[in-house]
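Two complexes come next, and they have one chain in common, subunit A, joined by subunit B in the first and subunit C in the second.
And then the complex of A and B:
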C-alpha cells in the first residue's frame, strides 16, 4: 500500500461511488486496487503514465492520450464541454513534451439531447482545435436511451510527436529542482461550480480552460532542460504535486505566498469551504527543471498569455517519502494531503 | 443530399433520438447534417473515414481510430463490453490494413456500478488485448452520478502501423472487383438481443465478436492486392455494403444464396421480424479485390478460424449511383436499403 492510501480508513469498495472519479484518494484506490490490476498494468502502486503514453512507431517517437469529458453544466463561463475536450487532451500531449498532431472524437448522446446544444458543443470543439492547429481525423457516435446518459459525454484521444531527446516525467526529477507554476489557480472549478449552482459573484469568474502546448514547445525550442511537466486538473495543484512527489520519491516544498489565487476565486473558496489547492484547473501546469534554468524558463513562459503569470513556487528536496509540504503565509509548515474525492464532482 | 437520405421523409430533427445511433439512415443524417458540418469535416455528404484515419508522423504511416461501447447487457454469450471494446477497435485498425500497436481505454462509470462487474469487464478487456498482442498504454476514468449513466461505458482508441503501399478504401474499388464475406452473419445482434430480452433458443447463439487483424495481415503478406476492407457492425452487411457502394460510386451486386446465415440465427430473425442483412456483427468483414485474386484470398482467409467460412458473395458493377442489389434465392432482384435506425439499439 502506498502513502496515498494511508491517512484514511478503507472505504466501501463494493460499488462505484461518485468520489471514485474525483482525483483524490478514492480515485487512486479504485485505479490501484481494481482497474490497474485487472488491466495488468503498473505494479506496486504505480500505474501507467497519468497524462499520456510515449511509444515508438516506425522510427517516430509519439505520445498518445485519452480523456472522457462528463462536465456539468456543459456550458460555463470561459468554455464548454467541446472546448474543454480539446484543451484537456492537448494538454495531456503537451505534458509529454509532444507537439499535438491529431484528435479523435467519440460522442455518447442521450436520447432527447437538444440538437442545438450538440451543434454548439461541436462548433466549439472545432473552434478550439482550429485555434490550436490540431486536426480532428476520426470519430464515433453512440446514442443511449433517455435516463441512461446525461445529454452528452465526449471522449477525445490525441496523438502527438516528440521532437526532442528529453525524458520528461517524474523519474527525471532531481534534488534541488525548481518548481514553476504557470498562473493563478482555482478558476475552472469555481467557474463551473458557480454555473452549476447558479451562484452569482460580483464579476463572473471564468474558467482558465486553455491549451498549454505553445509555452511547452517554446521551452523545449529554447533548449531548457525540462525534467517534468504536469497539468493541473481534478484534485488541483495539491493532486498534481502529490503525484509528482509520490512518483519521484522527492519531497515537494512550496510557498503559499508564491501561489497566485485571484481575490474573487479566494473569496468564493472561503464562502464555499474549499481549499484553492484542491480546486480543478484546465489551463495551468507545473514545470520542474534545474534551478539554474528557472529564470530563463519563466521569461519564456511569460511571453504567452496563458502563462503570463508564471512564477517559481517551490523546489524538490531529498527524501521523506514523497510528501508535499506547504510553507504558509505566516511561516508555518503543513503537509498537503489529497482530498478523499474531488470536492466538486463532474468538473471535467 | 445523397442517396442515403432520399427514400424516407425528414425526421424530427430538434432532439437526438435513439435511432440516431443505429447505423441506419437517421445516423447518417445526424452525422451529415449536424456533426460533420459543425466539426468542419467532409463535405457533399462525405464525412471522414468511417473506420479509421490514416496519417503520417515522422515518416511512419499510421492508422488511428476510436469507438465508444454502450452495449446492453454488458455480458452476453460470446463476449462482453470489455472484449467487444478491444475487438471493435482492433477491427477498425485492421480495416485500414494496419497492424495494431496500442490501445487507450476511457471509462465512464455510473455511481452504484458493482465493483465486481467492473473488475470482470476489465479482466476481459485485458484478456482480449493480450490474445490479440496489443498493449493498453493509457487510460482515463470518470464517474457520473446515479441515474446519469448506465453502469459502464467504455471508449477505446487505437493506433496501428501500415507496413504496405496499398491504398485501402472505397476509392480503390474498381469495376468487376470481387466481394468476399468472411463468414456467416447476424450472430452478434441476435445473441445480444436474446440476452437482453431473456429469449431462450434451443442452443445459445453466441456473438461472433472476434479480432480480424490476423487474416487481414495474412492477405497483405501474401501480396494480395486488397482494394477495400469493411467490418460489419451496426446496420449489418446491408449498411457496410451500402457505404462502400455510396463512397465508391459503384453498384454492389450480391447473391443471397452465397451469404451464410446459421439456421438458428435465421430462425430467430424470422421470429423477431429482423432481416439478417441488417443485424449487427462484430467479427465479420467484407473484402473487395480484383476478381482474379479472389480464390487465393479465400484460401488465405480460410486458414484462420475467424474467417474459415470466407466466400465470394458478389461483385462491383459500374454506375447506377451506389446501389446495393440482392439477387434472391428464387432469382429475383431487389435493392437493399438501410434501415431507418438500428433494429436493435445499443448493440455495441
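And then the complex of A and C:
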C-alpha cells in the first residue's frame, strides 16, 4: 500500500504543526499536498524524491543537494549544529554516489545569540569540512529580530561529482539484493533528546554524526555494483527502509537480531517508550547491492571507523509492494511503518 | 540488557507457546488489561504463536485512550488561556478532543509543553512565577504517585501558580465493568504489572472471588506475557479462579506503601468518565478536599461536564471492553489512521488500533 495515496479526502491542516517536519507520514503529506504541487515538482514521470539531484553539465555528472539545520540544543555529546551542517549535506551527496566538491553556508542569526556560541559553531563547521577535505566556497548571513528565530539556523548546500556509471537509487534495486547497515542505530536521536531534556544516563550517549562519503567512495572504487544508498536521518532506519521499499516496489525483509543497538541506547528507548528503529541517526546508511557482493562490501566498509560495524540486516524480496517486514527477536514477523512525526515519549 | 534480554529469549518464548498449546483442551478468551501489554503482544506477534482456540482481547488499560474528550477540550481551553503553560506527556498531544487536539492548539499559538515528569512542570512553575502552569495529570495507578507527589510538593513549597487537570483512572473498577457487561466474553484477566507494583495484588482478590475469574498479575516482556497466559489457561482448565502473580520480581501483595500513602493524601476516589465506555463509579482519582486549590478545573472555572455522545463512528468503546478487535472497525486504516485518528485508540502507542496499524497493516503473507 502506498502511504502517499490515501484514498480519502485530505484532512486539511489549518497551520503547520511540528510533526510536519518530523520525517514521517505528516511530512510526506505536507510535501505531496502543498509543497510539490506548488513548485510543480514530483508527479507523473518524475523519479521519487531522493537525497539529492543528479544532473549533467559540461559532460560531467554532478550531484546537488541542500539541507537546513535547526537543532536544539545546538551543542550535544558527539556533535553540534556546525558539524551536523557539514555531515548532513556531505552524506546527502555521498548517497548519490558523488564525491563532494564544495559547500555553501547560509546563516540566520537571531539578535542576542551569544557571540561565543556562534564562534564555537563556526569553528566546528570549519573543522568538520576540513576533516572531510571539502571547501566552503560561498555563503550568506542574515540577522533577525529577537524572537523571530531560534538563535541559529544553518543551511548548507553541496555539489559533488559522480565518477562512475552506476545509477544509484531505489529504481536500481533488484530482487534478492542484500541490505547492509553501516553501524548501530539510534544514538543521534537519543543523545540530542537526552541533552535537550536533561536526561542523565550513566555515561553520556554520543551522537553518531559523521561523514559517510569515504566508505561510499571506497565501495565504488572497489568496483562494487551498489544499487542504492540511503543515509538514515529523521524517522530512523524504519523511515529509510520504508522509503526504499515504497520507491522500489520491493518488500524489504530484515532481522531484528542483526540490527545493532548500543545497550545504553536500548535502555533509554525502553525507558522512554521509543522504538530504536524510529530514532534519528546522522552517520549511518543502508547499502543495497547484489547479494554476491555483500561480503566484499562489508569488508570494505569495516575498514572505516564510521562503518566498522557494518553488517547485513536483510534482503529485498518480490511481492507485497513496498512493505518492510521485520523478523523479531522472538522469531515472529511484523511490518515496519513510517513513524508519524517526531517520536513521542509515552506516559508509563 | 538485564531484565529485558532474558525475557525476550526466543527459546523460552517457543517453549511457553508450546506449553500453552498442551495445556488447552477447549477455547478460552483472556483479556490483557494494560495497553503496554497490548503493545508488546502486537509488536512481538505473540498472539500469532498462540493456539487457535485462545483469544486475547485488549483491555481498557491505555490512559490516553480512555481520557474523555471533554477533558481534552478542557486542556485545550486552558492552553489557550493567555499567560498559561499547559504541560503534558507527549502522547496526549495528538488525541482528538471533540474538535481539536493539543498539537493543533500549539501550532495556533497555545503554549503547550511536553514534559517527562510532573516534577518538570513544577520546576517550570517555580521558574515562571508570572505564568499559570497546568499539568495534565493522566494515567492509571502507575503515574498517580508521581503526580500526587508533584501536588504535595507544590503545596509544601507554596507554589501558587501550579495546578493539575486530573484525569486519573483506576484499573479494578474497569475490570469489574468489563466482566459485569451483559455481553462479556472475557474468562480470565492478565492484570497490569506496573499498576500492581504500586497497589499490590490484594485488591484483586474480591474481584476474582466475586466473579469466579482467574486474574494473573503479568509483566510486559514476551516471556512475562506468555507465562501469564499459561498460568491463566491452567486456572481455567482446572476450574480455579485465583489471583496469581507472574510478575513477582516487582509486585508484592501489599504494593508500595509509601506511594499509596501519598496517593491517599492528595487524591480521593471519584466516579470517572471513560472515553467510549461511559461513567464507571469509583473508577478514578480527583484531588482531595485538602488539595482542591490545585484543581485546574476550579482555577479556570471549567465545566468538567459529562462525556458527549458517540464519536464519528469510532468503536473504541467496544474494543476497550474486549468485544471487538481493531480490524472489526470499518474505518480502521481508511478513515481512521494515526495521522487523523477518529478515536483515541488510534493515537497512543498503547492503543490497540495504533498497535495494529503500526505492526499489522496487512496480514503477512510471507510469514516463515
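Note that in this section the second predicted complex is superposed on the first by the 327 of 348 C-alpha atoms of A that agree within 3 Å, B and C clash if a C-alpha of one lies under 4 Å from a C-alpha of the other, contacts with A are read in each partner's own complex, and residues count from 1 in each chain.
One rule holds in what follows: a residue touches a chain if its C-beta (ideal position, glycine included) is under 8 Å from a C-beta of that chain, and two chains touch if they have at least 3 such contacts.
Predicted model, so just to flag it, every value in this text is computed and none were measured.
Within the superposed three-chain model, A:145 lies in touch with subunit B and out of touch with subunit C [touch as defined at top]. By the touch criterion stated above, A:318 is placed in contact with neither subunit B nor subunit C. By the document's definition of touching, neither partner reaches A:222: not subunit B, not subunit C. Of the two partner chains placed by the overlay, neither subunit B nor subunit C lies in contact with A:171. In the superposed pair of complexes, A:266 makes contact with subunit C only, with no contact to subunit B.
Look at A:299: by the touch rule set out above, it reaches neither subunit B nor subunit C.
Of the two partner chains placed by superposition, only subunit C is touched by A:331; subunit B is not.
Applying the stated contact rule after C-alpha superposition, one finds that A:122 touches subunit B and leaves subunit C untouched. Touched by subunit B in one complex and by subunit C in the other are residues 13-19, 345-346, 348 of subunit A. Contact residues of subunit B toward subunit A in the complex are 13-22, 27, 30-31, 34-35, 38-41, 48-49, 52-53, 55, 57-62, 64-70, 101-102, 104-116, 118-119, 122-123, 125-126, 130, 136-145, 147-150, 153, 155, 157, 159, 161, 345-346, 348. For subunit A in complex with subunit C, the touching residues are 1, 6-8, 11, 13-19, 25-26, 29, 197, 199, 251, 253, 263, 266-267, 270, 272-273, 317, 319-320, 323, 325, 327-335, 337, 340, 344-348.
Residues of subunit C that touch subunit A in their complex: 1, 4, 8-10, 13-14, 36, 42-46, 48-49, 63-64, 89-94, 103-104, 106-108, 114, 116, 138-140, 142-143, 194, 222, 334-335, 337-340, 348-350, 357-362, 364-368.
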